[in-house]
Structures are given as C-alpha cells and as structure tokens.
Amino acid sequence: MSGLKPETRKHLLQVGVANIANTLLKRGFRNVIPHGVRPLNPRQPCLVGEAFTLRFIPAREDLDHMGAYNRDDNLHRVAIETCPAGKVLVIDALGSTAAASMGDMMAWRLVARGVAGVVSDGGFRDSESIRLTGLPCYAQGVAIPATPIRLHPVALEEPVGCGGVAVYPGDVIVGDVEGVAVIPATLVDAVAEEAFAATAYEEFAAEQIRAGRSLLGLFPSTPESRQEYEDWLQGKEHT
Amino acid sequence: MSGLKPETRKHLLQVGVANIANTLLKRGFRNVIPHGVRPLNPRQPCLVGEAFTLRFIPAREDLDHMGAYNRDDNLHRVAIETCPAGKVLVIDALGSTAAASMGDMMAWRLVARGVAGVVSDGGFRDSESIRLTGLPCYAQGVAIPATPIRLHPVALEEPVGCGGVAVYPGDVIVGDVEGVAVIPATLVDAVAEEAFAATAYEEFAAEQIRAGRSLLGLFPSTPESRQEYEDWLQGKEHT
Amino acid sequence: MSGLKPETRKHLLQVGVANIANTLLKRGFRNVIPHGVRPLNPRQPCLVGEAFTLRFIPAREDLDHMGAYNRDDNLHRVAIETCPAGKVLVIDALGSTAAASMGDMMAWRLVARGVAGVVSDGGFRDSESIRLTGLPCYAQGVAIPATPIRLHPVALEEPVGCGGVAVYPGDVIVGDVEGVAVIPATLVDAVAEEAFAATAYEEFAAEQIRAGRSLLGLFPSTPESRQEYEDWLQGKEHT
Amino acid sequence: MSGLKPETRKHLLQVGVANIANTLLKRGFRNVIPHGVRPLNPRQPCLVGEAFTLRFIPAREDLDHMGAYNRDDNLHRVAIETCPAGKVLVIDALGSTAAASMGDMMAWRLVARGVAGVVSDGGFRDSESIRLTGLPCYAQGVAIPATPIRLHPVALEEPVGCGGVAVYPGDVIVGDVEGVAVIPATLVDAVAEEAFAATAYEEFAAEQIRAGRSLLGLFPSTPESRQEYEDWLQGKEHT
Amino acid sequence: MSGLKPETRKHLLQVGVANIANTLLKRGFRNVIPHGVRPLNPRQPCLVGEAFTLRFIPAREDLDHMGAYNRDDNLHRVAIETCPAGKVLVIDALGSTAAASMGDMMAWRLVARGVAGVVSDGGFRDSESIRLTGLPCYAQGVAIPATPIRLHPVALEEPVGCGGVAVYPGDVIVGDVEGVAVIPATLVDAVAEEAFAATAYEEFAAEQIRAGRSLLGLFPSTPESRQEYEDWLQGKEHT
Amino acid sequence: MSGLKPETRKHLLQVGVANIANTLLKRGFRNVIPHGVRPLNPRQPCLVGEAFTLRFIPAREDLDHMGAYNRDDNLHRVAIETCPAGKVLVIDALGSTAAASMGDMMAWRLVARGVAGVVSDGGFRDSESIRLTGLPCYAQGVAIPATPIRLHPVALEEPVGCGGVAVYPGDVIVGDVEGVAVIPATLVDAVAEEAFAATAYEEFAAEQIRAGRSLLGLFPSTPESRQEYEDWLQGKEHT
C-alpha cells in the first residue's frame, strides 16, 4: 500500500519532471534528476511511486556466475519477489551498462506483482520484450551481458545512489517521457502542489506565447501576469 | 532578413550534411560537424540559416538561480527575444547535459519570431513538447535540470565553440536528419554549389550500384563515370 | 558460401543475443557482446553470418584524403567489393564516431553483393539512406565526417577488436534488436543448440510468470520445472 | 597594480585552497575549484592574484596554423604581452590537452613582465623548461601539439569557464600545492579573513590530534574547543 | 587485533601487488585491482591489513553541509574514530574526485589510532600534509572540494565497490608502490604463500635475464628452470 | 642495425618533441603525438629509433590465461625476443590500462638485447622495477593486472594505432621528458634538420626574452630576428 496521498499522486501524474526539478531547486535541491536515465519506451505510462531500493556491487567470480541465479536467496531475485505493489524498484547498478540489471522475465514478474515501475542507472536486456510488458522502466540504455558478469546484488532497502542522485527508501519517484525525479519523502506534498500550480500557469503562458507574446513579463511569471492568469482561468471556467 | 542567396539556400536544402563535410574537407576543413549533436526529432524539417550565437559559462550560485530568469536582461531570454528571423540560434552550452539549454516556452517563442532553428551542444528539457513546435532543433540529448543549476548566459554574437567546432556569427548552419554542418560565411556559395553537384551525381551512382555495378570506377566518380553521368542526365531530361 | 550448418543457422535466427551471452558465459566466456554496438534500425532483420574483418588505424594526412577513395586498391573499398556473400563485414573502427566507417553507397553495394550485414564499433553516415537498404547494420551511432578525416583502412581478414571484443575471421556473428554477439567458430553448433533450448524454455516460463507464478523454482529452471516444461510441451504438441 | 589589500594578500598566501573552498561553501558556493587543474611543479611558490582571462574556441584550418603566430594581433601573444603585472592569466582552453595552451617562451615572457602566474584547464608544452622559470603554473597536464592544431585565441578579459568553474575578470585566484580556488571579487576580504582564522585553528587541532585526542568535540571546532584554542593561543604568545 | 597469521603478513609484505594479481588470476579471479587507485606518496611504506569499509552515496543539500561535520554521529567521522587498529579503511567514494573523501586531520587521527592505511576510489584533500603523516594512503588523486559538496557517508562495514572491485569487510588489502590488491579473506594464506614463492623465483629469473638469458624457458618458469632455481637457491644458501 | 643517418640521430637527440610537432604541422601533419603517453621516469634518457610494432586485440578466455605465457610462440614474448637492437618497440595496447602491456622481466630482456625503448598506449606493471632498468619507456600509466586479463598479442610489424596516432613499422620515434612524436620514415632527415635549426633559434630567443624583450618580432622568428640570430651565433662562435 502506497503512503502517497491521493491528491499528491494525482498532481504528480500531471506535472512534468522538469517542473519538479524547478520546484526542488527553489528549496535548494540542485541534484534530483538521475543523470542519463531515460524511459525504455517513450510511450510508456508516467510513473509515480515510493522507492524500494536494490544495491549492486562489482561481481566476484566465485560468488557471481549463472548458478547464483538458481539460489532462492539471490537478492536480485528477492528484490523482484518482495518489492511491494505500488512502489518503484530503484536499482543502483553502479551506472554501468556492462551487464544487465534486469531482463524480461523479471519485468513480467513485477507487472504480475503490481509494482509501479523500475529505475536503474545501468541497463536492461531483452528490452524489446520488456517494452511489451507495459511496465514503466527507466535506465541508461541496453545492457545485454548477463548480470553476474559485472554485478552482485548485495542489499535491499538501503540508501543508494542512482545516476549520481541520492535515493532513500521511501523517497518519491516521478517519471515522465524525459526521465525521472527523486523527491525527498517529507517534501512530496508541498512539491506536488507547487509543481502542479506551475504546470497550470504554463498552459496559460504557452497559449499566450503561441499567440505572439514575448517571454518578458510572462514567463517566468510576474505578479501582473499571475493576475492575468487568474482572470484567464475564470474566463475558461465560465465557458 | 537572411543574407543567403536564394540559389545557395535552395541548394543547401537539398544536399546532405555529409556531402557538405566532403566538400569542406577538399578545401582543408576537417572539423565542421559538431560532435554528438543530433536532431531532437528525426522527422523535423531540414535547417538552413546563418548563426546567431549564445555563449554560456559555468553557473555561480549568487548569480544563477530561478530568480535570475525573472530579469528582463537575462541573456538567455534576450537571445530568444532578439535572434533575428531566419537565423539559427547556436548555443555553446559547454557540451553539458547537466542542465537545460532550452525548454518548450522558449521554443514556442522562437517559432513565433520566425527563427529558423536551434543548435546546442548541450541538451533540452520539455523535449516532447519542443517536438510539437516543429522547430528544427539539434542537441546532444535531453537535459532536464533547470538552466541555472549549471549554466550562465554570458554573451550574444561572439565566436563560440559548439560540439568542438568553431562557430562565428554569420557562419551558415545546415542541418539534416543526422546532424549539422558549419560552413564559414565566405565559402557558402561555392560549397553549396559543389555539394549540390555531388548530390546529383550520387543519385546516378546509387541507381547504378543498386543495379549491380561495382563501386570501382563509379564512386567516387572518375572522368569516365562523370561523362556517363552527363549522358544519363540528358537521357532523363529527354524523357 | 557460408560454412554454417542449416540447423545451426535456423537456431541462431530464433535465439536472442542475450541467450547466446548466457550460453557462452557458462563456458567461461565473459566478453562476447561488443559494447555500445546497436542496430541502426530497430526494425531491420536479424543477422547471422561468419565474420569477414576490416581493420582501421588512425589516418595520416598524406595517405588519407578524399583522393584516396579514387584508388582501386583502397582497402575500405576492397572490403566492400570482396566480402563474400552471406558473411558479415566486421569493422574495427577504433570505437570512434569521429569519422564514418561506412556510407549509403557502400551499403547498397553490400546488398547487391549478398553480404549478410555490417557490424562496426564506429559510426555510419547517410544513416537514413542506409536504413532504406534493409541491410542489417550495427554501430555505435551516427558519424558524419568523411572516413579519411580519422580512419585509414589497413588490412582485411585479420583478427580485430570490435567494441572491446575479439573477433577472429570466421567467428559467427549474431545480431538482434538489441545488439550483436560474437561466437568462437568452433563452438557455434553447441552454442546454437543450447541457446535454442533455453529460448524454448523461456517461452514456457514467461507464460507461467504472466499467469502469476513466482520466479523462484521456475526461472532459472530447476529439475522439477524442466519436467513441467516437458509436460507442457507435450500438451502443446497434442493440441 | 593589484587591487588586493595587503592584509588580504598576506592571509591568502597562508591559507590552503581547501580552506577557501570550505569558507565559500558556507556562503553557498559549491563550485569554486577548477576540476583537474594541478600545479605543474609541486615545489613552485603559492599563487595569489586577480584573474586576467584569455578565451579559446576550437581552431579552424584557414585561421589557425603556424603562420598565425607571426601576426602581432594574435590574441594568444597579445594576452602574454598585456596581462598586467601581479595578475593571474586564466586560460579557458576548453578543458583540452589536445593542443598546448602555453609553452616555455611565453612563460619566460610572463616572468619578465611580472605576471603572478598562469591557470589553464588545458595543458602546457615544454613543461620541464616552464618549471625552470619558477612561474606558478596550473593546468590539467602536458599538451605537446602546437596550439593552432586545436585552439583559437578569441578574446581577452571576458568571463570564462575554467575547469568547470566560472571566472570573471578580477576574481581572485589562489593556488597552492594541490590546485586553485576562484574567489568572487566582492567576497575576497571576508573569505581571506575567515579562511585565515580557520587555518590558525587547524594548527591547534592538528597538535591535539597528533597527541591522541579524538576528532569529536575538536574538529570541526565547537564553542568549547574554540575557547580552548584561545587559551592555547595565549599560552603560545606568552612563550 | 588483526586476524592475519604472522607468516601470511610477512609474505604479503614482500610480494608485489602484480604477483598477487597473477596468483588470483590462476584461481579465476580477474578483477582484484581497484582501477586507477595509486599511492599518494610513492615512498610510503607498503600496506597489509584487513578491510574496514565506509560507503558514501551522493550528497543531498539538506543533509550534507559543513554543519553536518559537527555532529558526533556523522559516519565519516565515526569511521575514523572506530576503524580498528591494524585494519585498512576502504572507502567507496563513488570513484569521484569531485569532493574529498579524507583530509589531513582525519589522517593524523588514523595514525594516532594505529590504523594500517586508507584506500579510496575518490580523492584526498590536504594531500601534502597527509604525506607528512606517513600513513599509507591510496586514492585516484587529489580532491579539494569539501566532502558534503558531493558525498554523504551512509554506512560502515558493508560490502562495497572500490575502483570497480568488490570489497567485503575482512578481505585483505595489500598495497605497494603501484596500487592495491584485494584478496578474498578465505584465500589469503594460500595466495600469500604462492605469491611469495613466485617472487623468490623472479629474483632468480631477473638475475639470469640481466646476464643475457632469453625469456623462453625461463620466464614464466618451466619444470627445468624451476629445478635450476632450486640449485641456484642452494648455491646461495651455501655462501 | 638502425637505418637512421648519424646526423639525423644526433639532431633528433637534441630537439624536443614539441619542435618536431611544429615541423610536421608545417608539412600538414596534425596528429603525430600519441595522446596521453608519458615517460615512465622523467629522468630517463631521450629516445630515438625506428618503430617495431606489436599489436594487441581484446583477450578471449580460452586463448588468454596465465598458461599462454608458457608457450614459446606467444607473440608478446616473441616481440621481446625479436625486436631488433636500436629499434623502439611500439605497442598498440588499445589505449587500455586494464591490463599490463609489459612488466619488469620483459624490460630487463629488452635492455640485454639492446632495444632502444618502448612506447605503449596502455600501461606497465612493475613500474618501479622498470625504472631501475634505465630503459626509456613511455605509456599511459601503471597497469597492474596480468596481460591476458584483457589483451591478446596478435601480430608483429603491422601498421598500428598508438595513442590515436598511426605508426607504420620503420617510422621514427622520438621521446623526451614530455612524451613521444612519430615521424613518417621518408621525412625524418628533413624534419630532424629543420627542428634542429628551430631549436637553436629558440636558445637565442629565450635569452632575449629573459633579458626583457617582447615576443613580438622575436618569437616566432621574423626575417629581421633571424638575421639578428645569425649575428648572435657568430658572436658566440667567436668567443
């Protein structure tokens, strides 16, 4: 069960990741977008959910081989089997595409279990097949070699780095067509509300700009333009 | 108003960027393709226009924050509001995708102002929305974080580097589905004519190759094959 | 004429590159996937064939210029004209996208000659046009500058590196929608058979997982689950 | 003539670059150390002075060749001949060691002219010979190829980037045995004073730590430990 | 108290890291040398000890600032205060030199506490001063910016990655003038003995090679050359 | 026996690598300095000799293991045993420091055989011990892991790339305290003579600059300053 308020979730589904980055920057957070992490499928649904983390370290030949995946206590498999429904599996794959951090069988299993999506700073194999699952998946790219060639799953639900950004279990992950943002858990309601308001204003501003108006005095907003926006909003509601 | 001759513009719209690179290499120019700069949208129109440059330097926290974009003299905004119609905004973004060098509001404004396109060696945010504008846009990729996190706009219309290539204001930028070429202003008419002729010959050569002919004696052209081409051309014109 | 057994070729066309990587890992081969090499066109056919290699070294201005491509003994051109039908042209382009390792004229010629496909750890120019040829082509990406700006063709049919992987002439190259695998020539029949069997089992496992079954005890397979699979297979054959 | 107050200069000569970074971080400046820029000679004197900037862009074959250095208006040469005595020549060399941003003749000339030192985010040639000049020089490393192979000098005294850090003309550069810091001009007196005080405290703390005391309650300082330090200082002055 | 047998420690102090890498490769371990990790001071003593690990993740502005180092529960400080005497502090600094993973105060404290040395895949600040401590220190290089600019200490004594190599608490770290090796704890006695024997043989081989003998039949050793070595050894013992 | 004329060798021993780069640039050669290749020991003698090349490709586990070095036909060993006296062993190590391209035993053997030196674009192990041999050695840095972990020796005396520069067998290699230059074999006499003349002029220019003279009109030389130099030279000879 997700701890996110329905209102917050609703807002986050409608704001872009770029707007969340702006909102967090105003609060002093400059590093909230995992670098190089992109949607596997540009047409996949948006992603909102709390982070459930999996941490990899470099592989070692005696511990990491194809046989390691036959063990029921292999933490890569345990992560797939225990990440709660509605949460986002966030994988610290050392930023490496030298080995796969997930394949299609695992993706199908996450779908069956109701997991919201996956974010990895490494890569996925079977990417075409993963696209068919419909699961919102974010990574640096394709990574075909088998996981144990480079990666050893070592822990669940620890704070990790992902694409150079800190992710604490329970942080809120939002993904859109460009990438993902990480929102510290305690700020999520305020950030969602503020980003939602900014997104609504941008709809007004875009309409004005397309009609030929200058950016100056309009975007970013000024007190005067925000008043205009309020009037425009009322006008829309009356029609 | 563009200073490009109509004939030159017409030729440049029909030649590929690779052919321009060949033509410039024959004149001794080895470095005319900004490295890693790709079209945001493979289906966007081709781009031809003179360069109008914007230079960024690294950001500094006291000068660069969300509030900086409320100032009318912010040079990033001034660039968008003053780049002449028909010209190409060329952005030296330090080759970094750590912060956005443009977003969708700015793109809509450039469209309204009749700017021909944008070339950045950094990245863009709101990339999906920018695609909707139809503006020919070239960059290294997506860059979601807000501009002031990493970039400070410092000057307009200075010589800059873009993707490792020198761009002087007034140089001619040509973009196709693969990337862009930078043509020194004084050479543009000659380069356009020569590249256009090469492109026409390639149509002939491709037809021959598809029909089973060897590359040898045909591509690159020889005096004999150029004669054949002339005959082929006449044949086509007579039908 | 290809030396591949028809059965082996048939199997390789149906297994994914990831499965081949798994199979080779079990035999101790950890480095069989050229890094960063992707299909030019995600919808191109799969690729199977023996490697015919072309090796580049860095260019030198007195030897490498546009005129070098007028010589009939230019090895880049010779490679295109002599790579046997059914084989895969594997190009060691020093992992560089600073200059093109192939353009569309060469691709059309390879199609005419019946070559199976091309794998380069550099880049291609005229990529849109190459896509039209239908030739399965793999590379790191687009590379617009003319070949002699950075690359000198120096030898055919020597052992080379491609994307950090050793390729010996005659090794078998398999390409799918994600990338390519290099199979040592002596192992190809055994690898094809084993990877094909693994692929068939995965069809069964995916069906079970989509129906809600856990990965544990199913994927990777156990003696029990392989028995189940045999039963499932028989069930399918009877319907 | 330097605009630095004697007291400020004296303090800056005694504090390490790391301490300046700490002091600036407390004021919100996180990016003040040009990345990868190291002293050419670990035994060279420390460096303090105001920045005089030189900006390079990528070279172009028609403008950049050995002959370009015979022109008296070549800005690389002009920079060497006009950088004021006591200032630091800061070179934006695009972070590239593909061509030299200075050689020994230029270094000897800077010494003769009384320039305080040089900071480049590229490299130097003739590095052994430059070491003999005694001039404090900082760069990414050695760069042997001639400047016009990759770099074109385009402007003096503009704001630039150096090692990923903004440098405005007049900013104060401090260099020690590890690297350099860039202090915004308006903050230099306050930063110098605060960093000097921190350095003095560290002398006390190091003595205590070497004598076996824990870091906790000592470093960073607490109100109690600062009182201790004051007492220790008085003790030292009385002896 | 170290768990290393005195004989094992004695052997490890006399073998080079390269010999340890050879010995581990024969057992199938290909990845035991943290990449890019070098001694801070080429004249520092060799290092042998069991790993005590500290893990960093990327910093977050609300948690990581200069003030964080005033807290007694800051894990970076706790690591310095609790790493047992005789052990090696191994730091997973994300391979980044963007912020310091240790400074001189911490180094002095480690010396006072009897810690054997430090290995970081990031960088150190105050490197000159650290050299004075005599503590064997290994890192990628210098990193001047304050730790909280990029790094957050998050855990002690967990398995980590360091320079791309897995390090489990208790693994044995050996450092020489070139870098460090990581030996899995259970293998250390056997590896030490075998590497020591190989080192002794190399002394014999080097003497022979300097006297003009070919590598063939001598290095690597053959049964015959090992017999020669035994005779040589006896000869030496008798003199 | 070296094919170099004594006069040419004498000149090359006295000119710096930077001067050779200048001389070659005037002839249109822009890429003659292997990037990132530095002397192992800044105090080693200068290096002049013709290139004898060794080419590596990526290793493959069945061919490359510690046992491979027991074979007398291992080409890495054969290179060491057959490189002619007076020549320079140039190693194409794929620019990788992931495995050693030479160790101390091989260096001792090269000394015994009278080889002039070694240039690798990879790294060396046993670097301290190699320094003791006195052999002029150039590489990217230290590389501790055993060769077969990443590199397979595949051919001798083929054209190769080294640090991004083409090296043909017989090209002349010159190394100084900064790095190496590669001179095409046919140009070596002319380049040596011209670079030697430039070096002599620089002695004059440096003296003038140290005495306070401007770079302008002096360096690079003008017809007038060259006349002055002739006079100065005569003056020196008369004393």
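Per-chain numbering from 1; labels A, B, C, D, E and F assigned in written order.
Operating definition for what follows: contacts are C-beta pairs under 8 Å (C-beta built on N, C-alpha and C of every residue); 3 or more make two chains touch, one makes a residue touch a chain.
Treat the numbers as computed from the prediction; the structure is a model and nothing was measured.
Because subunit B and subunit C share one sequence, their contact can be compared position by position; here under half of the interface residue numbers appear on both sides. Remark: rotation between subunit A and subunit F after Cα superposition is 180° (nearest 5). Centre-to-centre separation of subunit B and subunit F, using mean CA positions: 40 Å.
Mean C-alpha position of subunit A lies 32 Å from that of subunit B. For subunit D, residues that reach two or more other chains under the stated contact definition are 30. The touch graph of the protein chains shown belongs to none of the named shapes. Every pair of chains meeting the contact definition is listed here: A-B, A-C, A-E, B-C, B-D, C-F, D-E, D-F, E-F.
By the touch criterion stated above, subunit B contacts subunit C in their complex at residues 16-18, 21-22, 25-26, 30, 32-33, 35-36, 38, 42, 177-179, 181, 202, 205-206, 209-212, 214-217, 219-220, 222. Residues of subunit F that touch subunit C in their complex: 28-31, 57-62, 94, 152, 154-155, 158-161, 164-166, 184. Here subunit D touches subunit F in the complex through residues 65-66, 69-70, 72, 77, 80-81, 97-98, 100, 103-106, 108-109, 111-112, 125-128, 142, 144-146, 148-149, going by the rule given at the top.
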